[in-house]
Structure formats: C-alpha cells, structure tokens
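Both complexes below contain chain A, partnered by chain B and then by chain C.
Then we have the complex of A and B:
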C-alpha cells in the first residue's frame, strides 16, 4: 500500500489529537496495519495551533514524524496559515468551510467541507466535530473501515455517548458523497 | 484483535514492562514528559494490590522507593531532567547502600527547566556522573515500544542481580509517541527475583558480605533481621567505618560488580554491519532516524550500517571497537553536544574517523539532517 503521512491540525480543545489517536489505533488494532502517532505541543492546554502526525503503512515505520503530509486536515485559519505550505504536491487538503478561508492555491486537491455547520445543524453538539472530521477523512481516503473506528470508540468512551459519535462519523462520511476524491 | 496487543505511548510501554517485571511499588512526582508513567502507575498499581505514592518532590520519591525496596518490593520512580537533578543525592545513597531500584528519566531539553515539552538526549553524562564520588552505574535506553518494554524488564533484572540502581534514559519522542506494543506471555522474558538470605532468625546476618559470586543476599528490612543501612562507607554488618581496608574494599566492590559484568549488561542492536563502510551509532529516538537512513540507503546499494546502543552505561566499548574496526567513517547520531561521541572516540582505534551528527534545538533529528551530515563527512558538501 501507499504510505499515508497524515497531519491533523486545528486549535487546542477541538480534539484533533484525539481523532489522530483514534485513527491510528483503529489501523493498528483492527486493520492489522502499522501506525505511529505523535504530536507537537507547547505548554498551553487550550487555544494555539495544535497538530498531530500519523503515519500509516503496511511496513515498519522508523522516523515517526511527518515533514510533508499527503493528507492534511486544517480546522482553523491559524492552522491552515501555518501548515498548508507543507503539503506534499498532489496531496489532499481538507479544510472546514466555516473556519478556514482558502487564501492561496497549493498543488493539492483542496476540499472545503462544511463539517462544523453540519455538526451544529444535524447534531447540535460541537464536541463531536472531531469525529465528524474523522468521518470525512475516511470517506475521502477509505484508509480504515468505519467499523474499526467504532470499535476503538466502544473501548474509549462511555456507552451513553456511542450513538452520538456514530452519528457524527456517519455524518462526516455522508458529507463526502459526491465530493471528488 | 487480541488483548495483549496495545496501541500506547512509550511511557505506557515502560509501565507495562515494569508491571511484567513484578513492580509493586512506585513513588514519584509528575513532570513532563514523564507524567504518563506516574499517571498509569496510579491507575494500574491499586488494581494489583500494589502501592502508588505521589510524593512532595523528586528526592523524596527516590528515598521512598529505596525504603520500599529494602522491605522487599520491586520499585521504580520516573522523572525528567530537573527532577533527575534533585535525585542525585539519593541516587548516590542507593549506589552506596546497594539498593535495587529503577529510575526512569524521560529526557527533555536542559539545563534547568529547559525545554519541557521537546526532545533531547542531554542527560547521558548526568546519568553516569550526576552523583558524586567514584561509582559505577547502569543506564539503558530504547528506540521503540517493544524495546522500551524489554529494557524495562531487563532494568529490574539487572537491579536485582547486582543490587544496584538502574537508570532508564528515554526521551520525549519515545515517551509520547504511540505505536504497537505486544505484551509477551508470562515467562516469555525471564525474570530475576530478589536473592534473599537463608540465614535464619536469631542467627548473625551480614547484609554487606558478598558471596563468592559477588552477590549479596538481602533480608526484607523490618522482618527477622536487624541491620544497619547507611550512605557512609560500612562494614559487613552495614555499620559506618573509616577503616582504610574496608573503604578500599567497598569502593572496589561497588565498581567491580558492574564493570566486571559489563559484557553481560551490554545490549546493542546491529543493522547491516557485516560489510558496512560507514557506520552510524545511535540510540533512543535518534536511532529511528538513523535506521530510516540506513534502510533507504541500503536499497540503493550503499554500504551503510547502524549500531544501536541500548546499554549506555557501562559503555559497551569492546563491542563498539570491534564493530567499527573496518569502518571508513563512524558517525554518532544523538541529540546533545556529543556525549556518546566522546565515548566512541575513546573506544575505537581510529578516533579521527569519528564524527557527530546532532541536533540540540528540541526537534527530533530527521533523516535529511543525517544525510546532510554524511555528505559533509564525505567531503561532498550539503
């Protein structure tokens, strides 16, 4: 398989790191793939731009960081401004249509998806924004199966929140219908 | 998916290794980037009837585990550079009193509080010489989570075998990154248990009289034998002594028990060294970048190899000398100003062929950095 080098970026508290962990764990525990997840963080707990790197492959991964992602997700303008330049030529750039205004053309497939708006309209709880984003990600890449993500969530979150997250994941996947890969 | 496959941080892999080794007492003071070790211990130890203590500071943490070890527990504490500095006094005590214990230092940038959330490997010499006085020390490291688990188990085995503190010198990248860990079945990795004295209650017990093989059987403090434990030079009963014969004998014993067994303690991993013209020597997170370069260059037919060190102290000088004998160049890849470089230069026959590829800005040295260093060393420029 092609080696996926992924960067999820946004602001602290949006859950981008959590979604990166869920994705990588789904790949390792449920798809028998190799994955490494890491993050760079400063001293702040909220706000600021955060990023998490995930590499997914079917062979050994030595260097664990991503220098040139072939999939980049940006959930805030600040993250977009900071990271959009590092995308691998021909890669996939996914941004949130509400929070990010595309200011320049990069050599990548740029897809603006109204993730936040859809979450607020259909679910009304911003807490699952990151899971909706994960739904968009797997809808666009088909890198892991949604059932694998749900298996991870079943272990990680209280039962009462599972349906909410399942809904958000499906919503994200639905948002990619008709979007060019 | 089976239960024994996990997707965890290196800090958690260290906790799993410690529990596998039989750890049942942990005392610590949380500090980035080691906090997850304490956090996981606080979750896991109560479940198995073990003890977790959050202490007021790092010196107290090491003192607490020293006491617990004496009473018969397998013990560990975890910290980062600033806390490791505070522990140095108690570390010397553990060396002198010959207390089996494991001290984890997940390195950040230093000196002082330094660069808390970023990677560095600057505490290598501190691990060796941070506490005062002539002494020997054991320090181990690893570059992936399976190895973090294995060297943690080995740290406990070495601590028990030689009655010594063992330092696990990890780094922020290894501590925080997540990857697969397969927990071995019980018995898959052999465990060394505490050697306890067979001397019965009421019979004179010599806590500091080595057997012929150099090992000292212990008696759980507070049970049947009364004896003294001190940081002063001491006789075979553990009572202070300034008798030159006793001082000399103990000083030599503390060094010899480690240095004479350096070949047993030495752990390295070798990649493509058989015909390597250029050798990289690395450890911890840096070794991942070095291995990336070696594997990709081998695919292009370049004769590049990697010697990954897992034992840093006692420095495996004989292995380094032997493997580097025919190399045209030896490049030490590390994230400090050349702490292992100096050891390698001392070890090899041709120190003028030893170079440093490093980074000290809190960013993991990457394969491009290493390739650029190699170009410079080969006289080709960047």
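Then we have the complex of A and C:
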C-alpha cells in the first residue's frame, strides 16, 4: 500500500489529537496496519494551533515525523495559513468550508467541506466535529473502514455517546459523496 | 536543562497516552518548554501493551522517537517485561507495586510505588490512576509544576471532575515523599 502521511490541524479544543489517535488505533487494532501518531508542541501550540501527525503503513515505520503530508486537514484559518505550504505535491488538502478561506494555490487537490456547518445543523453538538472530520477523511481516502473506527470508539467512550459519534462519523462520510477524490 | 526522554507504559485503558499528552501540554503551555509526544503502534498494541513517549526540552527537538528513556514508568507486568530493558543507564524506573513484580536488575534507580493501591484506598476510582501516576512522575522529577498540570486539566475536563483529579495528582506526589530520587 501507499504510505499515508497525515496531518490534522486546528485549534486546541477541536479534538484533532483525539481523532488522530482514534485513526491510528483503528488502523492498528482492526486493519492489521502499523501506525505512528505524534504531536510536536512548540511556539505554535502556545499560539493556539494544534497539529497532530499520523503515519499509517503496512510495513514498519522508522521515522515518525511527517514533513510533507499527503493528506492535510485544516479546521481553522490559522492552521491553514501555517500548514498548507507543507502539503506533498499531488496530495489532498481538506478544509472546513466555514472556518477556512482558501487564499493560496497549492499543488494539491483542494476540497472545502462544510463539516462544522453540517454538524451544527444535523446534530447540534460541536463536540463531535472531530468525528465528523474523521468521517470525511475516511470517506475521501477509504484508508480504514468506518466499523474499525466504531470499534475503537466502543472501547473509549461511554455507551450513551456511541450513537452520537456514529451519527457524526456517518455525516462526515455522507459529506464526501459526489466529491471528487 | 537535561533533555528528558520519557516512556509511560501499561495496558490499553489505563490512560497512559492521555497522561503523556497532559504532561507535554503542561510543559509547553505553562513552562515555556518544548515537547514532542508520540505513540508507536504495532504488534505490541495488538498484544495489549500501550507505550507513549514524551521528550521535553528547553530547545528544539529534531528527532521525536525515544530509544532510551531516562524515565520509564511501567504500570503492568507485560509492559515491564517488554520495556524495562530499554532504560538509559542511570535512569529512573518507576513501577506500580501491585501490578509489577521486579524480576531483573537494570542499571537504573528502581522505585516501586503503590500507585494503584493508593488510588483505590484513598479515592476508590481507578479512572484517575493515570493522574496519580503523573503526580508520582512530577514528585520524582520536578520537571513541571503541579499547577501547570492542573491548568491543562482545567481546559480538558468538566469542572465537576477537577477536584477528583487534583486529589489524584496530589496523592501521587505524596507517595514520593521520603522516596529517594
């Protein structure tokens, strides 16, 4: 398989680290893949941008840092401004349609998806924004199956919240229908 | 400052990843340090061992992987069996006194701390085991201040759970009183 180098970015509190960990666990525990997941904190964390990296492969991963992601998700303008330049040529850049205004041309497929708007309209709970984002991610990449994500969530969150999360994941996948990959 | 290379290890569900993220955020957001936090998932994650790495420094960190930790915490026998061999000579090995039986001599200070027992006796809620472990860690290393950890927790968890976590953190610090560093 192609090695996936993924960066999820946004602001603190949007849950990008959690979604990266869920993705890595889904790949490793339920799809027999290997994953490395990391956060590099520095001046930018103090500035309010959060960045979370995941590498997923079917073979061993020796160097855990993502320098050029082939998939980059930006949930805020600040994250977009900071990270859109690092995308791998020919990669996939996914941005939230409400929070991010596209200001530059990059050598990548750019897809603006109304994630936040859909979550607020259809579910009304911003806490699952990151799970909707994960749904968009797997809808666009088909890197892991939604059932694998749900299996991880079943271990991690209280039963009463599972349906909410399943809804958000499905919503994200639905948002990618008809969107060019 | 000395560069800290830290590995927290245990089984899935003990919260070692969460405690590593909290530690990294405390160092970066409240102590002006730099941190890298990562999980390498592979066959061992499927076997049930979880390992979470943190590097903390006052200068930039280029290579995010910990090969020889100078502080290693093991919360289960399986984690101890798997990881105790990687400790840096002269490092600090902290184990849970109930879950881990020390079976090897390593070139490190070994400290068996009754974390789980104390949490169950004094608090009765295993969910804060990882926060008690963090209290032990900062009690032994003084790497970050407890207030920095509490500031991170204030942003991350509902208000109603703060006191419980504060109690667990303090309990961990208390457990290190009189223990040789």
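The criterion applied here is as follows: the second predicted complex is superposed on the first by the 175 of 181 C-alpha atoms of A that agree within 3 Å, B and C clash if a C-alpha of one lies under 4 Å from a C-alpha of the other, contacts with A are read in each partner's own complex, and residues count from 1 in each chain.
The criterion applied here is as follows: a residue touches a chain if its C-beta (ideal position, glycine included) is under 8 Å from a C-beta of that chain, and two chains touch if they have at least 3 such contacts.
Since we're looking at a predicted model, the values are computed, not measured.
When both complexes are superposed on chain A, chain B and chain C clash. Using the contact criterion defined above for the overlaid structures, shared-chain residue A:136 touches neither chain B nor chain C, since it reaches no partner.
Of the two partner chains, chain B and chain C are each touched by A:28.
In the superposition on chain A, no contact is made by A:171 with either chain B or chain C. Of the two partner chains placed by the overlay, chain B and chain C both lie in contact with A:37. Of the two partner chains, chain C is the only one touched by A:12; chain B is not.
By the touch criterion defined above, A:67 lies against chain B but remains apart from chain C after alignment on the C-alpha atoms of chain A.
Common to the chain B and chain C interfaces on chain A are residues 21, 24-25, 28-29, 34-39, 41-42, 61, 63-65. The touching residues of chain B, when paired with chain A in their complex, are 1, 5, 7, 116-117, 173, 176-180, 285, 288-289, 291-292, 295, 364, 366-368.
Interface of chain A with chain B (complex): residues 21, 24-25, 28-30, 34-39, 41-43, 61-65, 67, 151. The touching residues of chain C, counted against chain A in their complex, run 12-13, 17, 21, 24-25, 27-29, 34-42, 45-46, 60-61, 63-65, 155.
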